[in-house]
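Here come two complexes built around subunit A, the first alongside subunit B, the second alongside subunit C.
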Partner chain A sequence: MRKTKRAILISLFLVIAMFIAACSGSSTEPDQNDTAAEDFDLKADEKYSPPVEMMSVKSVDATVKFLGDNDIHNNIWTRTYADKLGINLKYLWVVDASQYSQKLSATVMSGELPDVFVVNSLLFKLLYDSEMIEDLTDVYEAYASEKTKDVMEQDATALPVVTLEGRMMGLPLTDASIAGAPLLWIRQDWMNKLGMAPPQSMQDVMEMAARFVKEDPDGNGLDDTFGLAMSKDLWSAYGGLQGFFNGFHAYPRIWIERDGSLVYGSVQPEYREALAALQEMYKRGEIDPEFGVKDAVKLSEDIANSRVGIEFGVWWNPYHPLNLSQANYPDAYWQAFPIPSIDDKTAKSQYSAAVYSMIVVRKGYPHPEAVMKMINLWTENFLQDDTDQKLRDAYLGDLDNPDVIKYKYTDFHLWEPNNMLTAHEKLSRALARRDPSGLNIDESQRYQIIAAYFDQGIKEAWVEVATNGENGAVSILNEIARDRGMLNRFYGAPTQTMSEKMAALHTMEEEMVIKVIMGEPLSEFDAFVNEWYSLGGEDITREVNDWWKENRN
Partner chain B sequence: MKTKQREKWRRELPLYLMLLPPVLIMVVYAYGPMVGNVIAFQKFLPGKGLFGSEWIGLTNFTYIFGMPNIVSVIRNTVFIAFMKMIAGIIVPVTVALLLNEVVHSSFKRTVQTIIYLPYFLSWVILSGILITILSPSEGIVNQFLGYLGIRPVFFLGDEKIFPFTTVITDVWKNFGFGTIVYLSALTSIDPNLYEAAVIDGAGRWQQTWHITLPGISTTIILLTVLSTGNILNAGFEQIFNLYSPMVYSTGDIIDTLVYRMGIDNYQYGPATAVGMMKSLVALLFIAASNKAAEKAAGYRVF
Partner chain C sequence: MNIIRTRGHKVFLVFNYILLFLMAALCIFPILHVLALSMSTSAAASSGKVVIFPVDFNLNSYRYVIENNAFVRAFGISVLRVALGVPINMLMTILAAYPLSRSKSQFRAKGIFTWFFIITILYGGGLIPWYMIIRETGLLNSIWALVIPGAVPVFNVILLINFFRGIPGELEEAAYMDGAGHGRILWSIFLPLSIPTLATVTLFSLLGHWNAWFDGLILMNDTSKYPLQSYMQTIVISRDPTTLTVRDLELLKIINERTTKSAQLFIAMIPIICIYPFLQRYFTTGLVLGGIKG
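And now, the complex of A and B:
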C-alpha cells in the first residue's frame, strides 16, 4: 500500500508542477526577449510586396513554451516571416505532436489542403500519386541559397528520399543520420558501486543486468530494480531494442546488403539469437514483466525512480529521459558505451537516412518559392558559424529560459547533417587544451557547461558531459560513422507493397517479439519469417532490390 | 373539406418543424457519409475525389480477406461484443430488481448515483485509471488479490484475460445507466398487481417472477433489439485506449484495425471496405432480431 500512496503523491506532484509550469508559461510579465523582428539584421531574400498569405498546419509538443503573450500564431518567427519576407503565415489547426499525423490524414481526406505542410514519407507518396503537391524541382534550383543547397546535399541520402520519378516533390527536413544510431547507456554510479568494469561483450551486459537486479544497486533495500529498460515501443529512441539486437549482429527493420542483394534485417537468423537471449533474461526476471503495456512515459518514470540502470538508446537520451534520474538522485550518472558484441566480430550500430519528414506545397499554391525563402532565412542566419548571440537568444532560445525552445515555433528549420561530428571534434580539442577560442557560439556554450561540471561541480551539467564531452555519446557516434555503423541501404520512398502491407507486417513482428520474450517458443520466430515472406515480404524484397539496382552507387 | 385539410396542416406544422432538425442531422451525419462507401470499390486517392479515383471492383475486399489477422479480428469483435451485450442486460436488470426491493429511499438514491458516476467519464480518463489500478505490480486490485494469496493477474497484458477485462470494465462503466432505465420501467408497474398477488399468497420470488419481470420485459426486449445492431461494435474508444501489441491476438477488433489502416496508414479503400461490411452485417442482425422479438414477445421496434 505504501507504494500506491507514493505513486499517488508523485502524480499529484507532477500535476502541480505542470500547473505551475503552465502558469509561468503564460505569465504576463514583460519579456525582454520579446523583441520585434526589425531589431535584427537578418539576411533575407527579397520581400513580397504586397504580402502573400500562407496557410499551414502545426504540431506542438509539451516542450513548446512561450514567453509573455506570444503564442503559436504570434511569435518571433511569424513576425519575422511577415516583416522580413512579407509572408503571413497562418495555421489551419495546431495539434499535439502525438495527433499530428492522424489529424493531417483527416485533413487530406477532406481534400482541403493547407498551402505548405510537413508530411511523413508514406503520406508523401500518397499525395504524389494523388497529384496534390507541387513539383519543387525548379523552385529549388532557382531559389535555394548556397547554404541551403549545401545542407540538403551534404548527406547523399537526403534528396533521393524526396525525389519521385526524377522530380523533387518536397524539401527534406535533414538531420544527421548518425544521430539515430543506438548506444548502450549504463548507470555509471551503479557500476562503480558494484565494482564492475565497463562491458566488453554482450555477455558482460547480461551479467551486469543480472547483478543490477539482484544486488540492489540503488541501495534502498527494496527489490525494485530491473536489468534492462524496455517499453511496448520496441524500437523507440530510448528503451528501444535495436542496440541489443545489433550486439547480436541482427538489424531489425532495416535493409542490409547480403550476398549482393538487399535483405530485410528482421527475418535473418541472427534475430533469433537476440530474441532467445531476451527470452532468457525475461525468464530470470531481468526485464520488467509489464514492459508490454508500458509506454514511453511510464518507462521514463522508471528511469526517474532509479529502477533501471541499463538502457539502449540514442545520443540525446541524457536530455530526456535520463536527466530525470539525476534530477531525483543527484549522484546518478549515465555513461554511453559502444554496443558490445556477442562474439569476436565488432558490433555495428544501425541507422537510417535521417529524412523522415519533408515539406510539401499544395498543388496550385501561387507562391511555391515562399517556402524556399523561409528555409533560406533559417540556413543563412542560423546554420552559420558566425551567428551572433543576440540573434540566437531571440530566435532559438536563451539560457535564461532554458525550457523555452523557440525554433520549435516554426516547422521550417532543418539541421546540418555533418555538423554534429565536426563540432564535437572542435569541442574536444578545445577541452583538451582548456581553451575555448575558435569555437562558435553553440560550441562555446557547450564548452562552458562542460567546464562548469568539472570546475564548479555543477552536477546538472552532466547532461552535456555525457553527450558532447570528450568521452560522451557523440564521440562514439564518431566511431560509428567511421567503421562501427550499419546504414539502412534502402532510403527511397515507400514502394507500392510497402505502403500497403508494411504496417501489418510490423504489427505481426511486434506481436511475435513480445510473445517470444515473454516465453512462447522460438519457433514463433520461424513461423513469423515464413508468414512475413508469404504476406507481402517477398514482393517488398523484390521492389526494394529493383530500387537498389537503380540507386546503388 | 379544404378548410379541414388546412386546419390539419396548421395543427401539425409545428410538429413537422420540430422533427426537422433531427432529420437534417440524420441526413448530414448518417445518410450523407454513406456516399463515401464507394471508396470501398476504388483505389482511392484524395486528390482525385470520390468519383475521379480508379474503380477496382472487389480488390479491396479480396485484400482484406487476405490479411493475416482478419479472422482473429472478426472473432474478437463478435466475442467481445456478444459478451458485452449479454452482461449488459443481466447486470442492470439484476441490480434494478435488487434496488427496487430496497426500502430506504436515501440509500437507494445514493447507490444509484454512485453506480451511475463512471458512465460520465470518457474512456480516455478511465483507461488511465484502469491501467494504474490493474497493474500487476503496483495496482490496488492485485495487491488485494495478494492478501487473499492469489498470484498477480495481468488483466491488460494477458491475452486470455484481456477480453474479459474489457467486458467487465465496460459493464462497470455502463450498468448504472441501464439500471436507471429499468428502475423507471419498474415504477410503471401497477402496484395493485402486487397487492392482488400478496392476497393470493405469492411470495417475494413469485412476485418478481410473475409480475416484475413480465412488467419490464418490453423494455428488456427493446434494449436487446437495439443492442444487437452493435454485434460488431466491440467498443472502439475503450479498446483503443486499453490494448497493446501484447493482446492484439485476442483484443484487436474491427474498429481498431480500420483506424490503424485508414488513419495511420492511409489505406482508405480497404478501411472503407471493412467498415462497410461491418455496417451490412449490423443491418442484418438488427433486422433479424427485430423479427425474433416480434415472434417471441409480440413487440417490434420498427
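And now, the complex of A and C:
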C-alpha cells in the first residue's frame, strides 16, 4: 500500500516536473514587435469620428502565429482599422477553423449575433431566410471602391453567389475559380526513362499507367508501383478523379448545360463509361487495391516513395504533395498536362465558382458600410501591382519570419480572380526575354527561383518551374480559361432540397463509385441514378433550373 | 490443481497465452507506432518507413513541442482542469451517493431524488440549450465552464450508491450506537471501506476530464484557453480535401508534419499512462463490487 502511494506520488511529480520544464523552456520568444499602423501611408476611406464598435467572430488555424506580444485581438490589422478607419474591431470568440461553422451555428441559434461575420453558403441561406442579415446592395453601390468593384466583378460567378432575390445580401470572398480545375500530372523522369511521349488521349494515359505498373519505372527492382494515384477522397484536390472523368466528358458533381437546361454531371451516361474504365484499370492492378481506405496522408506517402507516377490534381500540387517525391528521389520531376480526351472531342476541365464563403452584416447593425471600408482598405492597398515591400512585410507576412502569415489576422481580405493568369503571362514574357524588369515583387521572386533552376541547377526549384514556369501548370490554366474549361453552371446559394439532401446523395455516390471500381457490376451505377432522382435529385434539378432561368446570361 | 496436468488443458493454456499475447500486442502497437514516429525524421515519417522502430532517431520534434507555447499552455489548462474537476466530482459523487443509498425509512423522498438524477442520463437538453445555460450563467470562456456543468457524474453516483448499499447495516448501527452522526459514519466507516470503488470512480472522472475535448471547443472563446485535448483535436483533424485552395498550403504542411503531431499525441498520453497502472488494480474489483447489491 505504502509503496503504491509513493509510486503515484513519484509519477505525479514526474508529470509536473515535465510540465514545469516545458514552461521554462518556452521563454525564448522573439522580442521584435510589429510596427505601428501610423508608420504607413495607406489609402483609406473616411475615418469614423467618434470611432464605431464592431463585434465579429474569427476562425484561426495552426498557421496563425504572432510576433512579440501581438495576438488576435491586438495586431497590425486591428490597430490599422482603429487608427485609419476609426473601427474598433472586437471578437466575441476566436475558434479553430475546423470548428468555426459549428460554433457559429451555436452562437446564431442562441440568438447572439455578431455584427459582421463570415459564413458559408449554407448558413448564408439560413440567415437570409430567417431575415437576420442586412441588405448590402446600396452599401456596395455607394461605398465599394473602384478596385473593390473590379475584384468582385472580374469573375461573373462571384456576385450571383451572394445575390438572393435580386438583392446583395453579403460580400463574396473571391478567389480564382480556375485554380480548382484539374490537370494531369505525370512523373516526367519516368516517362523519359521508359521512352514515352506525353499522352495525347485517355487511351495513352491508361497505357502509360499499365507500363508504369509493369516496367518498374523507379528502378528499385520491386513490383511496387501503381498507375494512378487515388485515395478514399474521390474528389480531392490531389489524387482526385475529376480529371479522369473529364477525359470522358463526364463532370462529377457539377451542373452542366444540356439541351437548354441544367443537368447534374454525376448522373449522365458519360459517367458510366469513365467508371467502367476505372473498373478495368483496377482489375488489371493499375489502381492501389487499398485506395478505399487510404486518406490524403497515406496517399502522400505513396508519392514520397515514388510508388505512383500519374496523378489528377490542381495546379499547386507541386507545392504539396508532389514535392515529397524529391525527398527520396532527387531527380523526381512532375509535369502538368492538359486533360486528354477519350475521343476526338477536346476534353474540358471542370471548375466551380470559388466563392465558398461571404461576409454578412447583422440586421440592425448601424454601420453596415464599415465593412466595405475595411475591404476597400485591403483591395486599394494590397491588391495593387505596386505595393511596396515594407508594406507587405508589415501587413501580409514578413520575409524574416516566413511562417508568420499576417493577412490571416483579418477575415476581410479577398483575392483577385484574374491575377494568377495575368501574372503568369507577365512572368512568361519576362522568362522568354530573360529580363525580370517590370515584374512586381511576387513575380520577380518567382522569376529568381525559376532562373535558379535553369542557371544553377537547383533541383528543389522544379516546384516553381512546374507551376509558374513557361510550360508549367498555370499556362494550362490559361488554356482552360480560354476554351478547355467546363464551369459549374450553378453558383447560387444552395437550394432548399440541396441543403436538406445533397450530403446524403453525395455519400451515396461515393459508395457507389468505390464499389463499382472494386468490381461490382456497372448496373450499380444505373441503380444509383434512379435512386438519385427519387431521393431528392428530381426536386434539386427543378430548383436549380428555376434559379438558372433567373440568372442565365 | 489437477486439471492443469491434463494434456488438453496444457494445449488450451498455450493457445490462450498466444491469443492473449497477440491481443496485447494489438493494443500496444499503435502506441509504439506513434512513439516511433515522434522520434524519426520527418522525411522518413512522410515516406511511411516508420513502423515500430524510429528511423534516423532524433528528438527534434520533442524540442519543437516543448518550445511550442500553444501546446504547453493547453497542457497546463488540462492539468488545472483535472486538479479542479476531479475533487469537485468526487465531493459531489460522495455527497449524492450517501443519502441516496439510505433505506427508504431513513430518507423518504429517496425515490424522487434518485429519478431526478437518473433522468439526466436518459435525456439531454441538446447542444443549444446547454450552450445557452452556460452562457447565461456567465461561465462561458472560463475554466469553470469545463468543471461545473459536469460536476455531478451520475453514472459514478450510481456506482457508489450500489457499493454503499452493500456495506452491512450492522456497521452503521454500531457506529450510531457509539454516538456517530451521518457525517462521521460517512467519513470514518463508509469511505475507508469503499476505497476500491472510490479509486475506480476517481479514475473515471480523471479520464473523463483529461480526454474531454468538445466542451473546450464550444465553450472557450479563445483558442489560448483550450484544454489539451481540444487543442489536439485541432491539430489531428483532417481538412475536407475537396475545398482545399492554395491558401491552405501552409496548413497542409503542418497537418502532414507527422513527427511533431506524434510527439504531442505521445506527451498527452503520458499522465494517464503514469497514473493508470496504480489505480487499475482497484479498477476491476471496484467495478464488480459496485454492481452487487447487498
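To be clear about the criterion, the second predicted complex is superposed on the first by the 489 of 553 C-alpha atoms of A that agree within 3 Å, B and C clash if a C-alpha of one lies under 4 Å from a C-alpha of the other, contacts with A are read in each partner's own complex, and residues count from 1 in each chain.
Methods note: a contact is a pair of C-beta atoms (placed from the backbone, for glycine too) under 8 Å apart; a residue touches a chain by one contact, two chains touch by 3 or more.
In this text, all values refer to a predicted model and were calculated from it rather than measured experimentally.
In the superposition on chain A, contact of A:S49 is made with neither subunit B nor subunit C. Looking at the superposition, the partner that touches the larger set of subunit A residues, subunit B or subunit C, turns out to be C.
Once chain A of one complex is fitted onto chain A of the other, the partner contacts of A:D129 are limited to subunit B, with no touch recorded for subunit C. In the superposition on chain A, A:Q102 makes contact with both subunit B and subunit C.
Once the two complexes are overlaid on the shared chain, A:Q456 sits clear of subunit B and of subunit C alike.
Using the contact criterion defined above for the overlaid structures, shared-chain residue A:E500 touches subunit B, although it does not reach subunit C. Residue contacts after overlaying the shared chain place A:S437 against neither subunit B nor subunit C. Once chain A of one complex is fitted onto chain A of the other, the partner contacts of A:W93 are limited to subunit C, with no touch recorded for subunit B. Across the two superposed structures, the residue set of subunit A contacted by subunit B and also by subunit C is 4, 7, 102, 106, 109.
Taken in their complex, subunit B has these residues touching subunit A: 45-49, 63, 66-69, 131-132, 135-138, 140, 143, 154, 156-157, 244-246, 248-249, 260-268. Those residues of subunit A whose C-beta lies close enough to touch subunit C in the complex are 4, 7-8, 11-12, 14-16, 18-19, 21-23, 25-26, 28, 60-63, 71-72, 91-96, 98-99, 102-103, 106, 109-110, 112, 175, 179-180, 233, 235-238, 240, 295-298, 300-302, 304-305, 315-316, 319-321, 324, 327-328, 354, 356, 403, 405, 415. Contacts from subunit C toward subunit A in the complex involve residues 43, 46-48, 66-69, 72, 75-76, 79, 127-128, 131-132, 135, 141, 217-218, 220-224, 226, 233-235, 237-239, 241-247, 249-256, 258, 267, 270-271, 274-275, 278. If you check the complex, the residues on subunit A that touch subunit B are 1, 3-4, 7, 101-102, 105-106, 108-109, 111, 122-123, 126-127, 129-132, 232, 289-290, 292-293, 363, 499-500, 503-504, 507-508, 510-511, 514-515, 518, 531, 535.
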